[in-house]
Every structure is written in structure tokens, then in C-alpha cells.
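Below you'll find a set of structures to go through.
Both of the next two complexes hold chain A, though its partner changes from chain B to chain C.
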Partner chain A sequence: MAEKSPQELIQIDFTPPPRNWMNPAVDFEARRGTWSYPAAVKNLDYLGMPNPREWSPTDLDWKLPPNWKQIIHDGFEDLLKKYRSLKIFMDICVRCGACADKCHFYIGSGDPKNMPVLRAELLRSIYRQDFTTMGRIFGSLAGGRELTEEVLKEWYYYFFQCTECRRCSVYCPYGIDTAEVTMMARELLNLVGLNINWILEPVANCQRTGNHLGIQPHTYKDNVEFLCDELADVTGIKLDPPINRKGAEVLFVIPSADYFADPGTYTFCGYLMLFEHIGLDYTLSSYASDGGNFGLFNSVENLKRLNWKIYQEARRLGVKWILGGECGHMWRVMHQYMDTLNGPADFLEVPRSPFTGTVFSNTASTKMVHICEFTSDLLRHGKLKLDKSRNDKYRVTFHDSCNPARAVGLLEEPRYVLKNVCNHFFEMPENTIREHTFCCAGGAGLGNDENMEMRLRGGLPRGNALRWVRDHNDVNLMTCICAIDRATLPPLANYWAPGVEIAGIHELVGNALIMEGENERTTDLRGLPLVPEKEEQGDV
Partner chain B sequence: MGALISLFAVAVLAVLAAVGASVGDGPRFVLGVIVPGVAFAVFLAGILYRVIHWAASPVPFRIPTTTGQARSLPWIRNNELEAPSGLLGVLGRMALEVLFFRSLFRNTRIELLPEKQKLSYLADKTLWAAALAFHWAMLISILRHFRFFVEPVPVWVDWLESADGFFQVGLPVFFATSILYLVGLAYLLARRFIDPKVRYISLASDYFALYLLLGIGLTGFLMRHVEKVDVVQVKAAIAGWASFQAVAPVGVGVWYFVHVFLVSVLFVYFPFSKLLHAPGVFLSPTRNLANSNRARRHVNPWNPEVVGHSYAEWEEEFHDKLKASGYALEKE
Partner chain C sequence: MLAETLAHSRDTILDRWIESVIARYPEDTAGFLRRQADRFANPVGASLREGLAEVLDGVLGGAEPGALEPALDRVIRVRAVQDLSPAAAVGFVFELKRLLRDGLGDAQAGNTAALAEIESSVDRAALTAFEVYMRCREQVWAIRNAEVKNLSVGIMERVAEWRARREAGEDAPRNQ
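So, the complex of A and B:
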């Protein structure tokens, strides 16, 4: 990975090729580093999905079922009947090109098929040929083209080169949402067994164990205890968070990476410290052990299956409402899909903060509150004892994660929390934050290592904005509210803006919280000195 | 290539109309009465059909794109026009989108300076300005045409014309919207040639629509300012048509037939093409839905009938490990 230096990678040629885009040809061998490996047989088998087999995109023969054309055609017809969005998005694009340079993958690669308009045209051209009068009569003049194996291969390449971040849909005069188009294309690809392992393995794991990482309940408990031990070294307080406890007021749901890998684990510690600090009556669950949901990147059925456990567990444990941790796509699911798929949650109560009395009426139906909403409310009511100066070594910026920004509208809450727990906060340039935010380029199942070149390319806009605040404001920490971000941004930052670390917001909350009975803090949650030793004093 | 084919197609259509208009009363009747009548019927029926076809598919999920702060805590100012929490906000958002092209107004273009490792986003409002100019000019031009359809001429048409001809240049007065229409379209066409990205994505049908609209505008312009048409005759012809007492138009010249024929082609083409963006924008689920997801449940009529891995199955599968770790179990 990263064989090319940033200086080489940034030499991007935006001149479109002379070849008409309608001629599909992807050379997978030459483009290693920009695509993801296919799903393993065992995962498709476990999930009961079609056409499991050993194959590689570099093979000439992709071992499609003999009637694959009919399968795709019928599948397309079915989706058109189910989704008005698909019909509209297929019919009304005028190819104005406003979306073209809004995609991080286009900006970082110059590949015209990464323009959202053309990505959608890959599907639209087949739609026109098969389902519209004009396409049937005029064929390619009306923008239609025949579905061939080459087209299918191109779908595999480009629809697993979209992170469903929805930035393009902000700029589209008709709100055409490429995430929706990509989701539809992936539904079609599923039908003939073209899917990637970085999505299907987590989905299979999650179906079985409750979380994407496949962490079984005993390991879950061990991990939580281990993190609490580590935390005790920092604060002098040993926490004992309840797991699967019946009768708690709140079920706390988080992305599994938060109790598995750095730097998410520090965010996890921050959550637990906050709950201890205020005395929240809550429980974790080793069954509903992942709020994240890679089903979103795969199929509506898998999305529903994986999400199903959240309300089931809330009911079993008899909680009143649900609180959710920092995770991007999880929050798209919780906000836009959960209630529709697995509601109504009429057995829960409208969330009310027991400390401030605030009723979260914006969650009256779903009954699930975002931790940033919850913490903002606590801060606003002065319920937290904080020492902001413990974060003084950090000069902090905030990366709006795609889904909280563009699917939930959660923009101010994380900023409010940050400004309350640290003294040095700086925004990145305005066209790269809030609803204009750029993706980490590893979302929607693409955050795997074999796809690293494409991740770094797609990460250019974010990395470059980060570089700007690093150089102008000496920023050394980029915070985010997304577990995928916490996993994918460190290599990205290291590549485009070396010297910047990545953290969740509640890690900084944890640093700043003055816990009752704590030791005098000399280190942060990472175990590093609160005041970094001056370089001249150190023996470098 | 697509650009040429489309230019050729529109030219052929125009010549067809011109020739037809010159050969006798029969073709003139067809071109001046039957074709526009049928075309208009196809236009209305086609759009109606398409909208019903769209509406026949449900909206399974509420998926607005939020472009501002949502309503959450009472002390956080929410942006109702960018992340509407209810109907009023949605109406406002849609009005901004439809009347002022709000989303297109956000347009930027990138500038990459590799040697400095610098990527910038520059405001780029020209597409927005040209699109807005063209669409509004077209709307006002269409409304001005009511002079031909209604007798006596409604007073608002007079107002519209005097406002449109405010600058009092030329005789007959040049309408500002005629200029905006043609300039706007010319820009939209030019960028399809000049901007390599846009050229790459442009289909023959993209050029076809532009040539057609330009042809309509130019012939209209010609009739008013160059080969001046006898307005009284035009009015008589259209009045007859509009009141179903159709006769072949006389004394209106060839340009009239070309103009009317291209309009007819546009009518027929509209419901089968990307021009459906006009009705379609109203149905776009990322814009016309409230971001009230967690407050009000959205129902999907075909909610998939699958369930997850139940707690009971999960407990059974990991029973021994759960027990060894000291979990409280439902079934010992």
C-alpha cells in the first residue's frame, strides 16, 4: 500500500479519455489497490445469499448464473416497483454536471466514471434500454446501452467505489442521491452473487454474534473489563459497567469498533466515565453489541435483520429508551430506517433526561437519542464538572461525518460539546464541513486494505482540508463522531496531513471530566502525558 | 457526435415544417392545426401518465438530505429550510428549490494546485445564473403568449409585457426575457462543448433538447423582430385552434409553421425525456420529505418480512460461554 507518495498521487489528470464512456472496460489487474475482494463463500452461505462461489475480479469468467441477464432485469423491475426514488432518479437527471466535481473519488482520481452523474448513468443506461420507450426506439442516441458482462463488471468496480456519503445530493438541483442509486445497484449485484467481503463478512458476523467484528459474549465482557482496567490506571477509578442488565432505564448502543480498537476504545472510556459521572441508570448489551449495520451497504433485508436486535433487546431488558454512541452510518440507520423497518417502538417511552428533565421530543417515535444530543443537554444545564485545560495540548478540529451531517442534520451538537471540553477549536475551510463535509473515503464497506489507493485518493479532499488547518492553526487532532472514521482517518491523516491524530468527541469529554474520587490526572485516556514534554528537554 | 446528430435532427424537423408550409393548404392544416393539437394532447397525457407511474411506486423510507441543522434541542437554532421538521419547512424548501434553484446555487468548482498540494473550492454561480435566467425567461415568454390565446387580452399579460419591455429598446420593443432565454440557452449549450467534463457526460438527447428550445426561441425572435409576422393573422389562427374551429392558418409565413412545429415536437418529446425533471423535482424524496424521522414513524408498505437472529437463538448458541463468563441467562 501507499507505494505512491502524496506528491505523486496528487498529480491528477482530469482530462476525460477519448473513448466514449458507454464502452465498458475495467482492467482489474492494472487497477489493483482500487477495488475490494469478493465475498467469501462461507459468508454468502451463512446469510443464504445467491451464487456463492470462489472467484476473483481479475478472472475472465466471473461464474455468473447462466440466466444472469434475466435475473438482473427482473430484479430491476422489482426495485422500480418498490422505490419511487429509483424511478425518479432514473428519469429526471439532465446531466448538468453540478455533481461532477463534488465526489471525493472523482476529485482524487480524475476518473470520469466517479462523477456521480456518470456513476448513475452506468445504471441509467441499462434502465433506458430496458424500461423506457425512448431507449427501446433510439438505443444509444437516447442514452441506452445493452447489458453485457462488461457492464456488470463495471458496476462492480464503480458501485463499490462509492461510499454513499450523499455529498453530491446536496448540490443536485433535483436532489438525486447517488447513495440511493448505489444501494439499488448493489441490490442488483447481490442477485448474481457479486458482493465484497469487507461488507458480507461483517454482515455475517453481525447476524451471528450481534456485532460486525464477530466478538462473542465472553470476549465482549473481557474487552470491556480490560478497557476499564486501563482506564483505572488513568483515573484511579475502576468502573464496572452493567452488561445485559434488566430493568435499566437506558440501553446504550454503540458501534463495535468502540470496544475493540484504538482510538475508538478511548471514546468508549469517555462514554463510561460520563455515565459514571452523572450516575446514569444504563446497560450495555453483548447481544445488541453493534449499532453499526453493514446491511445498509448491502441489501434492505440484511439491513433489517441486523437492526432487528436493537428493539428486541430494549424490550427484553425492559429499558425506557435507547441512547446511541458516536457512529456515522449507524445513525443513518437509527434515524432514517430503524423505526420504519422494525418499529413501532411503542413499548418504550419518549426519552427524557433524568438529570435535566429535557424531553427529547425530536425522538418521540424512535425513542433513540444521539449521545451528542444527550451530552449537549447536560452541558447546557451545567451538569458536568470539567477541566477543559486537560485537553490543552490538543488543537482540535472537527470532521463532520457524512451521515450525521447529511442524513440527520446533527451539526451543532458535536461542536457545542467540543467547545465545552477543549480550549482550542478550529474549523476546516467552509466548503469541507457541515453539509459540505467530505467523506473519509472508507465508508459503505470500502475501508479495507486492498482498496487503499482508492481510499487515499478519495481521502484527498478531507486530507487537504486537514492539512490546511494543520498548517494555519497548528491543529494536531481531528475529532469525529463515526467509528468508521476512527478506523479509516488515521492512515488518511498520516498520508495527507502527517502529525494529526484522530479521536472521538467523547474521548475529549472523558479527558476533561472531573470524576469524584479520582487521582490527580497526569495522563490523558491514551496514557500519554497531559502536558507533552518539551522536545528540547527530551532525549530524542 | 451526439451533438451533430441532434443538430441535424432539429434542422430536418425545421426544414420539414418549412417545406410542408409551402406546399399547400393541406399540409398547412396538418402542421398548423392537427400536429399542435395532437402534440398538446400527448404532452398532457404523457406527463399525467408519467406522474401516475411514479406515484404508483411507494416511498419506502424517509430519506431527506439534510443541508442544515435539524430540530433537536430547544436552544439550538434549527434551519427549517435546509432540514425541515414539518410541512411548512418542506414547502419553503421546495419553493426555494423550484423557484430559485437553491441547490444549484451552492455550486462550486475545484481548483487543484498539485505542486502546492492545495485543493480549493471556488464559488461558481454561472450555471445557476444561466439556468435560472433561461427557465424564468421561458415561463414569462409562455405567459406572454396568452396574448394569442385569450380574447380580450388579459390585463396581466399587458403588465407582464410592459415590465418585460421595460428598457424600451427597438420597435417592436425587445423583451428582456427573449434575450435572457437565448443567452441562457446559449450558455447551457456552450458549456456542453467547452467544459470537458460536461462534454464527456453529454448525450445526444441533451443536445437535442437544447437545439429544439433554441430553434423555438430563434424562430419566435425572427417573427417578432426580423421577418415580422402578421400578429392579427396569428391570433386568428390560434384563436380558431383554441376554440376547436380550426382552419389552416393563412398569411402567417413559414417561420410560424416552423415555430409551431418545433413546439409540437417539444410537447411530444417532453414526457419521454429528461425534460420530466420539471414535474419530477416535486417528487424527489431527498427534498420533499420532512426530516422528522425520529419524531414520526414512516410506514413502508412492503416492509421486508425478515427477522434477525433472536436473543433466544443467540443465547442458545453461546450458552456455555455465556455461563462461564457469569452472564445471567434467560434459560439456565
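So, the complex of A and C:
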């Protein structure tokens, strides 16, 4: 070394050596913070799912069944027979790369295996090897790969690093639904007991009690009453929302986080105020007490089971139609899967607003209307008395939650509601909203704390756009219509754009609604002053 | 003299600095980070382009180390949550020394004292970078901790409080 000149010494090539993507090795110990804990034995037992056992991804031995390879192979074969879409998605990709740089996890992490095309290739390579003639003959030359334990571990790592947000699918010229590729991979992982607790515990709870949190009817009632007590402090009106009331016109279904976690609880209060304001004949249910359906993130079987309970409850209560709250993936399930899972819901009536006469014929099969459709229709017909200025302390932006935006196309209604209930609304940059919206990075069961580093990486694109409107438009509130968002966006904003709070849209509706017989409002639904005191300004 | 030469080669130094950081990402990713100019489609690239430009200008302009904090935060906040060791996350600052010397070329001779001064300011920037990195990492842990607490404890405390008040026949005002 001593003979080299300083100029020679500083000629360092920083380019990392190329690494073959087919190499599946993942160091779970070194990558703590980017994966989720495995499902607990009790939850797999409860759901009757395979291979319940204590294990950790950092263990060398994942305690797979001895014939795991055959199980995966047979399972893959079954799925290919059952879902023509899977076979098409496996065959049709030409690896054009249009999706490659569209994934929030890839953009934030720079890990090539977070590119949707490469993530899918982890599965596709096994498909080629095992199920195509070219792959059987030419192996890796034809893009095939042998299924080994390391490949399985790699699946666990990367298919639980996809939030099934479907941003990549927007750009795919063939319309490959990458979320369904992830769903199929998770179906296969289920067969040998590789699943995560943040998904399986909610599924087991929901199967048992009707909601992800495992809340039983008496606690449900207690919580609703508690929220009504808090609300009475703000408005001077004590509401008494009906629960499990037979013969109501409408069953109202919401994500459980709306009555059990802030800031969703304020959105919940907003819903109740709206119904009181217009005199809706409705009921809550302590059984259909979660619109969310973590079965979507696990298996078709569980997806179907959890969706079914909502319709059975609608039948039991004898309602005419269903109204759904601000939930994200509930709407993907309703809009794209319900009809073939449990539908059509012929025992219900096509929803018709009793106040405006509007028939929601778009829900002819599911009989379930989104609260933003319902409220914007009320606004359109001038049915609500509002004081927008009560939201004047907020400079508001709107995060299009992936599922309502991309799966349902619910783009205008939430904006219409927002513009009617607040005076200061600002859009984030065009390529980060509407169908191009960036995910919160905590959906599809990944919103747990042990996965926080991955969530923050994946949250960068959203956080970056949010910081832009915070800095350029003084935005201090990001609204959304998804309970997972309301849980996962606060930490995201805290890290990437501090100073921005998160709220549901109906929280702002509740703030603005002028209720009959109410006290003079001095605080918002959070109990904070409507007009911040001078020294507190800018710190809302 | 030294300042003038460096000012003259500022753009070249900056480009090389950004490139030296980008080149350490896997090949496919490096291509994306270089190519995609949209700040919202490529926030990592944007953080490097904007953050490193500010840091470089600060170093060349003799800024106080504290003044570089926001620009360093722009870059390091991203690197603190990527799959990088602490050394890799902040080590790019030291890279600037080599690039400055390169930028000076022959002008290094006779400017030893002035060069040493600039290099000291790079060292100070590196110390600030370390502080920023630690702050970000601690924030990640604080966020994680708060998540667990908020989810499980926060609302239950409020429920319990109201249950007690109801049982006591009290209609207490909410003030939180």
C-alpha cells in the first residue's frame, strides 16, 4: 500500500458487488424492526389452522412440517386450479419494470426485493420451476428456482413487507393485481404455519367476538356510553345510540378502532352526531362490531367467515340496508369480494336515503353504502346545518386511503365533505394523491410496533408529501377515511412531518354540525379550544 | 484564493458527493435514485440532492455547525431508518474531505492552513451528523414505545375514569 500515491489511494469503487436476486438468504437477526412476530399458538389453534407452535424468525429451525415442500407444491397447484387470475399473473408479466419504482417500501428502503416485480418473482420463480415445461427443463435459465427452506423464509420476509396497497397495479400495463400475488403467497405460507400474530390475533378475536380487539358486548356498550359521556361534555347533548336494536332501517358498521382507539373515537362521535342531527333510524351492533376484516390479509376462508357475520347480523336484526363507516380495507372487501364470497345480499333492499330519496344503485349487490357517499348526498341536498368556522384552526389536507381510493374509486366524496365542513383545504402533490396515493405503510397487518423501521421506511413517500404541504401551506391536520390510517399515520407524521395531527373526516363533520339544543361550543370533539389561545397558536 | 477555487468547482464536488452516496445502494436502486428527478417519486434522491447541497454550501461558506443541522437532518432522517449501519449512515460526511481535495487539485499546495480549516468544519459537520443520527434513532424507539402504550393503556384509563365517575353519580367535565 505504501507505494501507492495519494491519488491512487482515493480511487475507491463504491459500487457494491452485484448480488444475484435468486439468492434468498435473509438475516432476520440483523434486520430486526423490519419483520413481524409470528402468530401465537392459541390463535392458530382457535382458527384450526396448520402447524401451531412456538417459533421465531431468528431461529435456525422454523419447525416446519417434515413434508412442507410437498404441502407447498400441492397448495400452489390447488390455487392455480382455483384462481385463473393467479395463473395469468404468474404467466403474463413481461418484467417491463413499470411497477418497480412505485412501491413505497422500495422507494423508502432501496431494497430491490421490495420492487413489486421482484417481490412477485420470488413466487413466480417457483411457479416456473414446478409448473411450466420450460422451467422444468431449463431451471434457472428459464427463471426457475428450487423451493428451499431459505426461499420460504424469504417469502415470509418479503410477503409481509407488502401492504397490498395496489399502487404498483395502477401502473402495470397488464393490470396485474400485485396485492393478490401477495395474498396467494400468504395462503401458501399459512399451509405450513408461517403467519404473523398482528393478523391472526385480530382474525381469531373477530371470529369469537365480532371485532378485532376481542371486545365483548358489555364492554362494547360500556365504551360507546363512555364516548357519549365525553361528547356530552362538548355539546351538552347526551346521545343514546341504539345497540342490537331489531327492526331499525339501517345497520351501521364501523372499524373497531373507531370506538376503541384515538383519534378514531372522535370520528365515531362525529358519526353519532350526524345520525342524531338528521334523525336516522339506525342501530349499532355488538356482534357486527368490526367492519375491518383482517381475513383479507390472511386467507380467503377467513375473509369469507368475517364478512359473513356482518350480513348474518343484518339478517338477524331485520334491517333494510347497511351503512359503513370510515374503514379502509372493509371497502375493498365489500366492493371487490363480498358479492362472490357471500353475496348477493338479496334479503336486503337497495339502499335509499330516507332524507334525500337518493337510491345508491352502485351498491345494488352488497346493499352497503359508504358514509362519505351518504354524507355528501346529504350535503348536496342541503340537509345539514353547519358552522365551518369551527374548524378554522385546522389547515387540512386529505390522504387518500389506498383501498377506498384504488379499490372503490372513492375520490370525490371525501373531498366534497371536507370542503363543506372546513374553510382551509389543501391538496398534497398530484402524484401522491387519488389513485396515485402513497400507502401509510402499516396496512395488510403490518401496523405493529415490532415492524416500526419498515413502516417508517415505507412511510417516507407519504411523509415527504405531507411535509411539503406542511411547509408550503401550513397544513396542520391530515384527514383520512381509514382506521388503519388513523392508527399508523400519527407515528409516520411524528417522524416525517412533526406538527401534523391525524383525523377522520367525520370528526370535522361533528365539529361543524350545529345540533339542536346544543351548548355554545367552545371546544372541538377532542376537548381542545376551538380558537387556540394566542400562545398556543401553531401548536394545535 | 482557496475559497474561489472551491466555489468554482462547487457543482462538480456536489455531483460527486451525491454520486458517492448513491453508488453505495444496490445497482438497480442507484439507477433509480440518479434518474428520477421528481422529488415526490424519489424522496431519497431529493433528500440527497437538496440536503447535501445545503451542507456543502454551509461548509464552504463557513457556517456554524449548528446551522447545518436542518440540512443534515434532511439526509440522515432517511438513512437512520434504512438498512445501514451507523457508520454507513453518517460516514458520507467524511467523504467530503476527499472530494474537496480533489476539487482543489494543484491549488492544495500553499493553502494548507486554509484547507485544514475547511476540513475541520467537515469534522464538525460529522459530529453534528452523529447527533442527528442518534436523535432520529431515539425517536424511532420513542415512537415504538408510545405505540404500545397508546394502544393498550390510553383509552382504557379514560374508560376506567368515566366508569368510576358514573358509579359515583358524578358528571365531571372533560378537560384533556
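Operating definition for what follows: the second predicted complex is superposed on the first by the 518 of 540 C-alpha atoms of A that agree within 3 Å, B and C clash if a C-alpha of one lies under 4 Å from a C-alpha of the other, contacts with A are read in each partner's own complex, and residues count from 1 in each chain.
By our rule, a residue touches a chain if its C-beta (ideal position, glycine included) is under 8 Å from a C-beta of that chain, and two chains touch if they have at least 3 such contacts.
This is a predicted model, so every value here is computed, not measured.
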Worksheet item: Putting chain B and chain C onto chain A via the overlay, clash or fit?
Response: clash
Worksheet item: Touching A:112 in the superposition: chain B (first), chain C (second), both, neither?
Response: both
Worksheet item: Which partner does A:83 contact after superposing on A: first (chain B), second (chain C), both, neither?
Response: first
Item to complete: Kindly classify A:431 by the partners it touches after superposition: chain B alone (first), chain C alone (second), both, or neither?
Response: both
Item to complete: Give one of first, second, both or neither to describe whether A:380 is in contact with chain B, with chain C, with both, or with none.
Response: first
Discussion item. Let me test your reading of the model: by the given contact rule, A:34 touches which partner, first (chain B), second (chain C), both or neither?
Written reply: second
Worksheet item: After lining up the shared chain so the two structures overlap, which partner does A:449 touch, if you call chain B first and chain C second: first, second, both or neither?
Response: second
Discussion item. Between chain B and chain C, which one contacts more residues of chain A in the superposed model?
Written reply: B
Worksheet item: Just chain B (first), just chain C (second), both, or neither: which does A:464 touch?
Response: both
Practice prompt. Once the structures are superposed on A, label A:229 by its partner contacts, choosing first (chain B), second (chain C), both or neither.
Written response: second
Discussion item. Under the stated touch criterion, which partner chain does A:101 make contact with: chain B (first), chain C (second), both, or neither?
Written reply: both
Fill in: Where chain C runs into chain B (options 43-51, 61-69, 133-141 or 151-159)
43-51
Worksheet item: Is there a shared patch on chain A that both chain B and chain C touch, and which residues make it up?
Response: 10, 14-16, 100-101, 107, 112, 115, 222, 429, 431-432, 460-461, 464-465
Discussion item. Quick check: in the complex, which residue numbers of chain C touch chain A?
Written reply: 20, 23-30, 32-33, 36, 38-44, 46, 77-78, 81-83, 98, 102, 139-140, 143-144, 146-148, 150-151, 154-155, 158-159, 162-163, 165-166, 171, 173-176
Practice prompt. Quick one: which bits of chain B touch chain A in the complex? Just the residue numbers, please.
Written response: 2, 5, 50, 53-63, 65-73, 75-79, 82-83, 85, 97, 101, 103-104, 106-110, 112, 114, 117-119, 121, 127, 131, 191, 195-206, 272-274, 276-277, 280-281, 283-287, 291, 293-300, 302-304, 306-311, 314-315, 317-318, 321-322, 324-328, 330
Worksheet item: Within the complex, which stretch of chain A touches chain B?
Response: 6-7, 10-12, 14-16, 21, 80-88, 91-98, 100-102, 107, 112, 115, 117-118, 121, 132-134, 138, 141-143, 166, 169-177, 180, 207-210, 216-218, 221-222, 243-244, 246, 286-287, 300-301, 304-309, 312-313, 316, 334-337, 339-341, 343-344, 358, 360-366, 368, 373, 376-377, 380, 405-413, 416, 429, 431-432, 434-436, 460-461, 464-465, 467
Worksheet item: Given the complex with chain C, which residues does chain A contribute to the contact?
Response: 10, 14-16, 18-19, 31, 33-34, 100-101, 106-112, 115, 222-223, 225-226, 229-230, 232-234, 260-262, 265, 429, 431-432, 449, 452-453, 456-457, 460-461, 464-465, 468, 487, 491, 494-496, 527
